[in-house]
């Protein structure tokens, strides 16, 4: 059976692979600088964001983009306000700490950073002069780690709070495509670009071999970034690899970026799976309507699902029941979903 | 005209691209761990090195591999002895310094680290108790930055010196294929593996999209590496991308690793170019017999060569004459070389 | 009125000052190495600890000692398990993060690190391979931030847990004198030295101008420390300043180290203050029987106490009542306490 | 015999000790903030420098001051241009590297940083885009490591160069008193304050137990410093210790700061020693006219001088002759110099 463990279990969408083959023998300068594919993508992304003065930079993955950008946004003694469940606070803690910046997690439990909690953390960290890491930026992620989609209202609220405190807002959009394609989405790229100091459009989780495109609006980060990617991260020598993939995704003759079809495929499969599993008696956890679906199951069912479909357990609830996650991708097909349903019927019986 | 600026100006050899397409839809766990392609390469490299207990890890490029490995080999207060021209001492200084390790360059001028200079630096750095960065490892690179190939005798001499001082030896082999294919080469992989604490086999400069394979013999570095790649470097989520490429390069049904044909193509073109340019009156700099060729030209010729063939200027000699570099790759053809000759005749006329 | 804000509000006890004047014109080598005063103290501390092979090093203050020692004990990617209220987790977070080490706070609320909470944090941090900061040591502090004194039983329990997990135990004893002199204390220096990888005896908070003496039992930390104090901390050029002070404190002709009289003076004053304030109707917070005393007061009383006696507010309880702290020192006299009582009567009336 | 190894071999001048005793029982807030002694010194130093808007901060020693200030002046990827002999390039390399900043030494051989060499290094480091540590500040030291005194002309030349390149100038004046009292000195504090971004007045080497006073003119460093001293260096809890000592040194009822008498004592002794040793046939190295005197001797004489007077060997010249250093201090007396002469006569005979 196809695995539903993650959205980077397959390599690249066919369109992307073909574009790579087509550009393979062009000779180009390395490191994303000065090659026509990267330059073209920069132009396309600036247009899509209605953000003509932004810098657009490319990194191979999310952690890479997060750490380099946050390192550039934060001063040496500053920390980043975020919810306690995000990657930089849990799985990447070491990486941000390794560059000397502090994670300042709130108590938000739903994955959305609230102005109230940001205020509480900010107040605490600035209450004893210069003895504590000073809040230096706000980090949010869309979709959230729990699959939540930020609404414009919620997004504006935290941006307003950050503005009042003169803090930059960094938006991790490794799953931007998923968020954009969600039915409840009312956030546009131009609005995001208008309010965020920096944010990135994720390619790795949306049909590319690898690649994230960071949009930078802050003059200091624009200056710092080219240095930091050499010092604190590493160059991909054949950097046009990133440009070619993003170029194909954003190709201008399409009416919309190519990633929407990928995402819609993933979302359609996910929603079909959700509805069918609920019909079979599975209890959903949260109300996700896109490519990450969570269900509450027994520990025995969790074990069986892990083995058969690669599902990961996210939480153990009180009483021992477990929250498992199914992830679909651009490569998931309807027949893959049918297989899951057949399996689920047996497990629940 | 084809550019001769670098050996990473084209993307990937056709065989590599085809292998990537073939493996594209296999579902795999991320991050190089546990996928069959990476595991297969690990086995093949251990066999080729006759080093059955080595760990084999994958990184996307040379700087990445250097920094993570040296960070793991050196203690917090230690430095690395190397020649003054190497990447980690010049172009990557910031990256090693950024993780808190010190570069300790010798005065060697030919690109080869000598035991005499290593001894001088070591003696100076340990002469005032604990006030100076202590030498903690030796870094050598094959081929050298100037295109020199290490002989077994020279290599054993610096390894002997390091052994006497109980210092680990780290060998950067981003251009291992070129070095191995050089007529003067008498260093074998098993001998390298026997004497080096860690070394890597470069893929980026030998027909792959990206990728270096690090061979680790030190128990402490084996323990540290998996942590350091998350903390100090970044994962490539779709890590099998590296495994698939190396697997194709090392495929067992071949009598020798696939990279030799690539390298021989590059070397043959380079030697043909060298001989023809010398015939035309060009003055060679050094006696390289592989894919990097250096010539002494006037500044006007250097400028013309930069524009026409992408040649970089490496040194300005006393009197103003300049040393320029031509680099061939697996993608260079005989007709590309012919074009260079036509151009060179005009420039020298 | 005398302030009760901290135990470092006065400079040095008279005996210490006199010792400094007496040794002032002796010529000595700098940096604590090789001068007879520092060497004598090393001998005295090893004897007092019954720990003949320990290294004894000197630093100017607690943060300095904590950061250098933890940096030496922890690997690059490791973190330190501690309670959430300790200095390294709150006021010094930036300092530990700045050297790239992670703080791993438990949920313990009483200031004592429990094996259960240590186990929970340890399990969580090691649950996803090498993606999270690995627990590398245990940090405890005596007396705790809330003024608690570790009993032998409690201390052995956390040491046993650490032993089972092969984790070093680091004990911050900036307030060792207070803890040792507490009536409930049953922890001896030899027992501490036997079980801790490293710990320090605080001078700054016990009658010295400055100075902490670190006892090191770990071979790796013994090797690292002399390098780390230059690299990560800074030398006091006239290092015998620390030796002379500690020597006077530990002078062998005394039946017990000089710090006990200092501490007893502080504790006696504190207990007299506690009893009298309770009599006046003040509600104590916790049951401290030494130089830090906590009381629950109204916010108005807290404000008045801050202004009159320098009391700091430690917590705001639900409902708005506040926990304030009175700190006595070797320089506090009975008449100082009488002044506080007079003031307290007025405030409570 | 008295040692001539360093100018911090004695503790404190009597006037300083008496001032410390006098202020000992005053209760003060810690960490140099808000106590009247530190505030008074800040005022006195601003007046002496005619620099009314400067911030004045205190650190315990030179390395501490250098590292914290340079960390604040330099961006993460920047380096510091300096001569190759200075402490931060040799004995403290590890400390600057440990905070991730790069040392960029010139080839100047006389201890004075020249605009020509600064230009050469700057040009090299900025020649390949963002691949190398970018020059971010200029570091000079007065007196130089070889005992040279900066003239106004030389000082202005390097400041002019730095201005043209918009680089801040950092002046290490750990030996400011010696430099100021040198007969050839024509640099005034107000002129230094006008041209330097930051500089410090050294106390440790001029009769204090410890202490350096940093004068900051840069708004960014003013903001950063209070954070950096907690994060990257350490507080001295009883910070007024520094204030009291500097206050006594700068006491307003004196016609000139107290340090001139100390320095004059040291310089007079040094010059007497120089003249007498030359008369005895000793060959001076350089033309120092203050408290550091260098002589060329045989290796046997160097050994005897090290044993008898604590002289350090600074260089071994070609042919094996050695340059040794005699250092006088505020505590050196004429009879100490007479002892040296008696010894020198025997050694040279």
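When the chains are written out, they are named A, B, C and D in that same order, and each has its own residue count from 1.
Here is the rule we go by: a residue touches a chain if its C-beta (ideal position, glycine included) is under 8 Å from a C-beta of that chain, and two chains touch if they have at least 3 such contacts.
On a predicted model such as this, the values are computed, not experimentally measured, just so you know.
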item	value
Chains in simultaneous contact with subunit B and subunit D	A, C
Chain of greatest Cα-centre distance to subunit A	D
Euclidean distance of C-alpha centroids - subunit C vs subunit D, Å	34
Centroid spacing, where centroids are CA-atom means, of subunit A and subunit D in whole angstrom	51
Junction residues of subunit B - those touching two or more other chains	76-77, 91-92, 94, 98-100, 131, 227, 230-232
Interface residues, subunit D side, partner subunit B - complex	76-77, 90-94, 97-102, 128, 131-133
Complex interface listing, subunit D residues touching subunit A	33, 71, 75-77, 100, 129-131, 134, 224, 226-232
Parts of subunit C lying in touch with subunit D, wherever the complex brings them together	2-3, 5-6, 8-12, 14, 17, 20-21, 23-30, 59-64, 67, 91-92, 94-95, 98-99, 204-205, 209-210, 227, 230-238, 240-241, 331
